[in-house]
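There are structures below to look over.
You will see chain A twice below: alongside chain B first, and alongside chain C after that.
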Partner chain A sequence: MQLLKSYILPRIAQWVVVIFVGVTVTFLIPRFSPINPVDDMIGRMTAFQTIDPQAVVAMRATMEDLYGLDGSLLEQYVAFWQRLLKGDLGPSFQNFPTPVNDFIAAGLPWTVGLLTTTTLISWLLGIFVGSLVGYFQHRRWAQVLERLVIVIYPMPYLITALILLIVFAFYIPLFPMVGGAQGSPALTWQYISSILRFGFLPALSIVIGGFAFRFIMAKALATTEIASDYVQYAELAAVPKRRIVLSYVIRNTMLPHVNDLALSLGAMFEGALIVEVMFGYPGLGSKLFTAISNADYNIIMGITLMSIVGIATGSLIVDLLYPIFDPRVRLR
Partner chain B sequence: MGAIIETKNLRAYYITKAYGVERTVKAVDDISLEIQEGEVYGIAGESGCGKSTLLRILLGAYQPPLTVVGGDVAYHLQGETIHTADMTEEQKHDLRWRTISYIPQGSMHVLNPVRRIRDSFHDFISAHRDVTKSESFRLTADYLRDLGLPEKVMASYPHQLSGGMRQRVTIALATILWPKLIFADEPTTALDVVVQRGVIQMLKDVQQKEGSTLVLITHDIGVHANLAHRIAILYAGKLVEEADTRTILTNPRHPYTKYLIESLPNLDSREERMSIPGRPPALDRPPSGCRFHERCPLVRDICKTIDPQMIQVEPGHRTACHVVEEELSHEPVA
Partner chain C sequence: MMLFKNIYPYSRSVTMLRKLVLLFLLALLAVPTLVGFAQEPDGLPVDVPREDLWVFDQIFRWGTVGNYNVWRIGGSTPFHHALMLETFWNRDQETGEFIHALADGDPVYNDDFSEMSVNLRQGVMWSDGEEFDADDVVYTIETIKAVPELGQGGWHPQLVDFDVQVEKTGDFSVHFTLNRSNPRFHTLFESRWNGVYMMPSHVVSAAAEAVGGTENLGSWEWAAEDVVVLGNYLPVEADPNGYWELFRRRDDPENSLAGIITGGSGPPYALSIFYGNENIRKAIAMSRNELDVYFDVDIESFEFTLDNASKARSWYTDFPWAYPNEVSSRQLAMNMEGDPMLANKDVRWALALAIDIVELQTEYIGGVAKVTPFPVPPTAKLYNLYHGPMTEWLTNLQIDLGDGEMYNPYDPTVPDQIAAWAEEQGFAVPGEPHEVFGSGWWKYDTDAAEKLLIKAGLSRGGDGQWLTPDGEPWVLDLQSDPSENDAYRMGQAAFDMWTDFGVEVNFSTLDRNTWDQNHFVGSYEVSTPWTSFALASGDMWPQIRGRHSRYYAPVGEDYRPLGGDGVRRLRDDRLDELIDAMESVNPVSQEAENIEINTQLLQHWVENMFDITCIAFKKFVTWDETYWTGFPTAENPNYQPLYWFQGGKYAIQNLHPTS
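Moving on to the complex of A and B:
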């Protein structure tokens, strides 16, 4: 009960405030933009044909209503929240009147599927291998592995992705170049295996980068950890190395790792822009890319809102998980 | 009752090399001693005199830059003599905790902060005995009860315990498998005197229960007076005097020991205590001859050049001092 009152509730309140501020900023920024999307639209429609001025006025009113641009700023703001709470993000400008929701719903499963899997794999792999290398840093295999990762890590993502594409899609056509799957969505092995096949290269490219980053982090954390009194003492007492690595080294370095995981998962809703563009993957990232190039504010706003909620929720989960991973947090 | 651990002319140096400059710190220099089974052997001396280094060597837990450059350490366990220099990692692993254990300096941080006390005990017990979790919990609970520790510490995390309780838990953790030989490095340092008393009592209990041998290191002569049967005084990496506790306290012979004992507070006298003039020498360039000669009030010429050998003052009382040697032989030395 005490924990709920002094720890959980304040953090949930914080989460609400962060989302509120984020949404407000997302609401304000496009409205400070010199481009009025309604004028823009009417301008485009009346450019090559004459329309009855009465009709133009009516159309302007309808569009302002649809875009949520009628009334004073405060009225707009209230209406914005009302629509948002109903889950209505408005229509896409580019593909009027398809709702933004449909666009996001189409891209979301791809992105979530790809990024959840790759983030988890690279996170687990990075921590385990990194901590092992940190613990056994004088062994030959550890040194070889570390040098290898240090060579891979600074490679720009674009280069890694291009190399993978050129080698495994072009010269050795093991994997397809573009797309998310083949055939119509169905629960058949054929469709599911095509998802895996199409997703393999983008996933591999993300795992390589994510693994290298987490490896270096885990290794650095483990290196300071093995100098600690309790690790030294456990070693002196001949506690098995497996136990020391798991329950002493990794367990004590978990906080930054959990932080990293939750924030990475939270940031997923922005989509993996470069990955999806490079591999022509049909997720949120490529939707966002198209929307940015077409000034489709509603889609940009929709995706931004998702990622605000995602990151805020991610850090909320981190905060709530802290006491599980470090008992000392409970007292604070 | 024979010796359980014995060193002969033990020399251990810290040898470091940085930018081609080799630096040798002679932390343990030519120490020969014998520790009897079942006794409490105190090792005393100022900070930096090599106490902890000596303990590490005795324990067989050292790595470069600390190197044994000469002499020998031997354990006499169950009728067998084991030289630490010949021990394999596996042998060390087998001896640790079951036979030889260690209570570390600064026990504040030796407990894993994210593990409950009982899980730490299970880690240490299961490393040496084939036990299930519930068996080692029961073993721990019984042992803690024997030592008078509250049962609730079992489920606590280290940060929830007071410093004194953590130290006691650490002592319990080090001795849970009833080792025959226990090394304790400054077990009471950084505790207030009331807690110190409790810890001393606990060490006594642990030692007496199974008649274990306790090698106790501390700069605190008061603790030695309470616990130790015999005391060895170390100065600048050398053993300067060794005798039973009463003799060291009432009839020390080496000038350094005399200073050390005279500096202790005394309830009956209110005069100001003398401190030893000068500072302990740096061990990378120790003075020639007797290492204490620069601070010694009785210094002779011979002290500046010739290193004094250990001589027997009376049975069980050894010291390394030219002046004492001279007094004993009644022959003037140059």
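Moving on to the complex of A and C:
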């Protein structure tokens, strides 16, 4: 009961406040941007043709009315919360009248599918291999592996992606260059295998970077851990090394890793813009980028809302899990 | 011993676990690789035999997918209009030809241009077998006029503004009545890009009932399976994430308008696909035979294509390769209320004479775009209307360098100089120099430029840099957006040449949004935009009307709410007078008079050097002939190859299998 009052409830309250403030800030910032969605739309409509200036003025009035941008900021803000609480994110301005929910429904499965899978793989691989290398740091294979990762880690993602693309799409054209799958969704081997084939290169590109980061983190943590009394005592007691690695080293370095995992999974809703751009992979990242460029307030809000909720919830889960992983938190 | 007993089973399970983890990781890597190997290396997202499929560059990722109500605000028309939609007339950008599409002849006006009659082509069928007729026209006009949300192309407010009434005068003839004179009313139905697209009245009227009335058609979603077209293609399926869209040829291509006009039938399937904005991705896709045509790339990716796709080519088979006749041109445009020096005509002329156009066109642009001294690209038709006839005037044009010294700035030999450069590089020039490289331009004469700046009150400092009349260093801000490759390189050339001339230039590389925004509020001094004062037909009023000073907004205010094109912050009485004079002239029946006024406007523009226009548009629109051939080329320039324009349908319809 004490834990609930002094630890859990304050964190849930904090979660609510973070989401409210985040959503409010996200509502305001695009509206202070000099880009106006109505002008942007008119600009697109007149990019290849001239339109009578008086017609443009009339179109502007129609669109402001349609987009619901003709009220004061406060009126728009109130209307926004009314809609949001009903689960309605409104229409996309740039793709009027398609609802924002449709865009999110189309992009979210790809973003979540790709980023959950790659985050988990790189997290598991990074911790496992990094901890092993940290523990066996004087072995030849560990030194080779560490140097290899140190070379890979600073490489900008763009370069890694471009190398993969050129090698596996041009020189050895094994993998497709655009899309998430072949054909329409169906529970067939052809469709499912196409998801693996279309997603392989984007996934590999993310796993490489994510693995390298977590490898270095795990190795550093493991290096600190092997100097601890209990590891040294275990070694003196001839406890098998694999048990030392799994139960002593990795287990005792798990707190920062859990933190990293929760925040990474929470942030995935922002999408993976560069992955989508480089590999033509579907998802929310490029949708968010385009929405920001075009001041499509509702799309920005829809995607950012998920990100805010995701990160805040990730943090909350970490906070709630801490007492399980770390008895000291329980004792406090 | 006890310890050993405890550890042994644990050790065995860990070994098992390790093996399982390794197997899992191997499987993660191996399965997709095997899948990749096991399947054909076909990366296309649709399962259609490649020999039946024409794959073209989608240019961008669709936002809205699967809604073919193109009449609504934001309805997506690029290449949809070439595949599916029709209006009365098309204007081909390559030939300038006024093509009778759904209209069977030119528009017929009454004397004061307040009425227009149109005879309709007979025998054009909707894809569901209904014949297109006057009922469709009447329904389309009345519906668009009635629903503000059907705002595509600004047709609704224009129909309302002229209170357009349309009546059926026969099964295949209609008559329009306007509330006042409009000699260009027909241009609403003349597509270079868009024109009022006809609705299938029998389909849309039923849809209107389904959505609760005509007034709700703005939110009507027209699904692929319900679409009925006059064009040659019907949508089949689309990627919900907007990367691709598949179309199939209608069952009776001979009854589509493009089929009737060209006699061709086009490929059975057409797939638009977006490979991203990275040029190299398109080039790789073409090398994999997964893209039959792309709309444009940079020179490096084009060269990659030529090296890796043996059957790929652009407009010319060899230098200068690119298609040179898209109707637009690129300027070093000056904000008349930006740097105070730029308000002085002599300063603007000095900056023009400090540009070496031959070096700009060759060293910076690679010799692949046409030169033009005013904002009209020298396409075959427009050259004959403007550049050619104005050559004598340009050659005789004189400007005052000060102290009564008159100077002829025009150099008609510029195309010959570029041709000589090309031959030095080992390239053959495929035609007369002016046909390939455009018209003459201004002399590169820094002595004359210096005299003009001195005349304007500027002076050289001790370091050779130019000082303003106040004795302060003259600093010029030049902005450019690198996503427009030629414009950016033109900006780099100007930066280098003006710097060499002693002007301190700040060259800012801006992303498109920031660059656009600076234009909207006049926060720039010199920039690198693009425009054409003339349409493909040669008519100018629709393009220039927005520059009338009634649409002027001062620096700091956004010009867009006024509806015009006040980006230059220019107010000029003579310009207004000429724009007003153009308005009342019919560009078809009074073409000579129209061209005369347009020419006067161009002369006025040049005399004042309101901007420094350098080059015309070029596009590395490139196609691979592994599967399909018949695209228009420099050797066979029957239509424009710009398939994303409405008139691009003729090029598509003429395609036939290579084999």
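Everything that follows uses one rule, which is that the second predicted complex is superposed on the first by the 286 of 332 C-alpha atoms of A that agree within 3 Å, B and C clash if a C-alpha of one lies under 4 Å from a C-alpha of the other, contacts with A are read in each partner's own complex, and residues count from 1 in each chain.
Here is the rule we use: a contact is a pair of C-beta atoms (placed from the backbone, for glycine too) under 8 Å apart; a residue touches a chain by one contact, two chains touch by 3 or more.
Just so we're clear, the structure is a prediction, and the values are computed from it rather than from any experiment.
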Determine, under the contact definition given at the top, whether A:233 touches first (chain B), second (chain C), both, or neither. first
Touch check for A:184: first (chain B), second (chain C), both, or neither? second
I'd like to know which partner A:252 touches here: chain B for first, chain C for second, both or neither. first
Going by the contact rule stated at the top, is it chain B or chain C that touches a larger number of residues on chain A? C
If we overlay the two complexes on their shared chain A, which of chain B and chain C does A:211 touch? Say first, second, both or neither. neither
With both complexes superposed on chain A, which partner does A:243 reach: first (chain B), second (chain C), both or neither? both
First, second, both or neither for A:200, with chain B first and chain C second: second
When the two structures are overlaid on chain A, which partner does A:66 contact: first (chain B), second (chain C), both, or neither? second
Which parts of chain A are touched by chain B and by chain C alike? 237-240, 243
Give the list of chain B residues in touch with chain A in this complex. 59, 61, 92-93, 96-97, 101-102, 104, 106, 108-115, 119, 123-124, 127-128, 157, 159
Contacting residues of chain A [partner chain C, same complex]: 34-35, 39, 41-43, 45-46, 48-60, 62-63, 66, 92, 94-98, 103, 106-107, 110, 121, 125, 128, 165-166, 169-170, 173-184, 193-194, 196-200, 203, 237-240, 242-243, 246, 277-278, 280, 282-283, 286, 290, 293
Provide the residue numbers of chain A that touch chain B in the complex, in ascending order. 228-230, 232-234, 236-240, 243, 247-248, 251-252, 254, 325-328, 331
Taking the touch rule as given, give the residues of chain C at its contact with chain A in the complex, in rising order. 3, 7, 10-11, 14-15, 18, 21, 25, 28, 31-33, 35-39, 41, 43-47, 61, 63-65, 67, 72-74, 148-149, 151-154, 156-158, 160-161, 192-194, 218-219, 237, 239-241, 243-244, 273-278, 281, 284-285, 287-288, 290, 308, 512-513, 516-517, 520-521, 542-543, 545-546, 551, 558, 560-564, 645
